[in-house]
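Notes to accompany the following structure.
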């Protein structure tokens, strides 16, 4: 299989996920005042956070595949596994937004981010296993500090949301996004 | 017609189908407890099964088109015919999930899988009819044991769902997916 | 502008239109019996008809663009104009299906098909105006009997739906689709 | 990063946005008379306006990227920033249409258009900062009168909607679209 078709399919799925999320931002019925918008701010801000996350994944995914030489059946399914967890983001984003960053929805959102991170790591390993330890990708990744730090921070965020306050959890999740943006 | 445009269009449709299915996983209203998620498990697990099926079809479809030389009007319509049955999967998946694997919804899901399998077989024959019995595709497929076994197992699954229990039907449908994954 | 990007964008929109239509086929709530499916037959059959129409447009659109040399601003907007009318098909299909082929919804469906046909004709003329009367496209189209007959048959179908019975209108619309398939 | 993958992803998102907007045009339930359509005219006409705007952005975006040589991380995020504001158009279009061009929804629609225009300007500057002041893009844009006039006209439209009447605001927004079409 060629890399470019895997890219094209992943791009398609990511483009749909990022756009479908906005459907959770439902048009308010029977209220044409600014107050209708104020009531939407939790859904809006969780949309912004997830939009940034999909952007980060699209960016990283693209760089990873550019350094990939061969796509095997295992790589293909590791990629679909990643897309699966990303496809759940509109759902967990919507639940968190609609419940105004409640305890359980925020923890579930963090769990979803954690699963995406793990799936990304598995995909990375699957590609390196095919291309070899001296491959372009293996060297480009190097120690991969961000990749190793992210799951830890997600776990801390989930724990904070459950035991302290969801806002601390959100701070962790937004912090990881900021770390990848810089 | 070039093969790559047929591929691109099919990729687009498959990417949308796989992502639209998650819209059936509706954000629970007025419940921010884990119990809201537990209530969703039939919809979630049927989503997982259909996600895997779309993944298998995308994978097989890609390998088939890579071995295809010429695309005629007949091949094009056989391809659209396959996409038609696949496009019904979000509906049958949603009906099965929402009714917690009831008798008729599970049987209908199996019928949908059966129609997809038949449409795939028809597409395969249409391509071989154009490219010839000694074509790359004809030789790559060989005896096509999996392709011949699948419709039979779907039929057994539909019968089991109707006459014994939907869970046996689901076991057949999950078994066919596992057979293609290995 | 290159032809292939116009193609890619049109393909994307057509793939989304064809898949979004299936969302009108709403999962029946609280009924897991075959009777729930029987109640859906008008929506299902109108979905099938529109699916075939989008398939025909995708097919013809592709052949037209393959014979196109240059894309100007005028051609681009003529193309968007066609996509606009096609994008309304999920709406008119849904209205017709939900009202079980009522008089006005069936007439509106025919009007939508008529607008698509006119937009397609305008696009064709725009391309020929750029490429010249002796261009590949101009010669490939020739007398374009089907293209000239279709709007007439749509008009007859709309009139039949309004004055006689919607079923005669449907017969005209299905007949035009059959004419293009053969 | 290659320009063509940025193009393909943006095309995908734009194709989905333009098609998803039509979902706001909800099939009227229990009314199969022309009056059901008349009630939809504000939603329909706001859909037409936004469809034209997405078409203009797609067109301009394409020409801009054709004149772009290098894509850096900054350009990538400036592009995602533009797609973010465009992805909100189905929401603001729907709110404006459903409230029949009410004061606040019309002003918000103008604000959304303003944000898109600013994001487009930021993307333009980001590309020129990478490619240089003498780049193809910098020279192709020139004084960019339309680009400088648009935000001003959006502001006038927002003010008119809030202080005079939404219809004057709509006139400004439609006027800007007409200016770009010519």
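As written, the chain order gives the labels A, B, C and D, with residue 1 at the start of each chain.
Keep this in mind: a residue touches a chain if its C-beta (ideal position, glycine included) is under 8 Å from a C-beta of that chain, and two chains touch if they have at least 3 such contacts.
Just so we're clear, the structure is a prediction, and the values are computed from it rather than from any experiment.
If you take chain A and chain B together, no chain is in touch with both. For the pair chain B and chain C, the distance between mean C-alpha positions equals 26 Å. The distance from the centre of chain B to the centre of chain D, each centre being the mean of the chain's C-alpha atoms, comes to 37 Å. Along chain A, residues 8, 12, 16, 20, 23 each make contact with two or more other chains.
Taken pairwise by the contact criterion, the protein chains form one closed cycle in which every chain touches exactly two others.
Inter-chain contacts, as defined above, occur between A-B, A-D, B-C, C-D.
Residues 1, 5, 8-9, 12-13, 16-17, 20, 23-24, 73, 76-77, 80, 83-84, 87-88, 90-91, 94-95, 98-99, 102-105, 108 of chain D touch chain A in their complex.
Within the complex formed with chain D, the chain A residues making contact are 7-8, 11-12, 14-16, 18-20, 22-23, 25, 27-29, 32-34, 36-37, 48, 51, 55, 58-59, 62-63, 66, 181.
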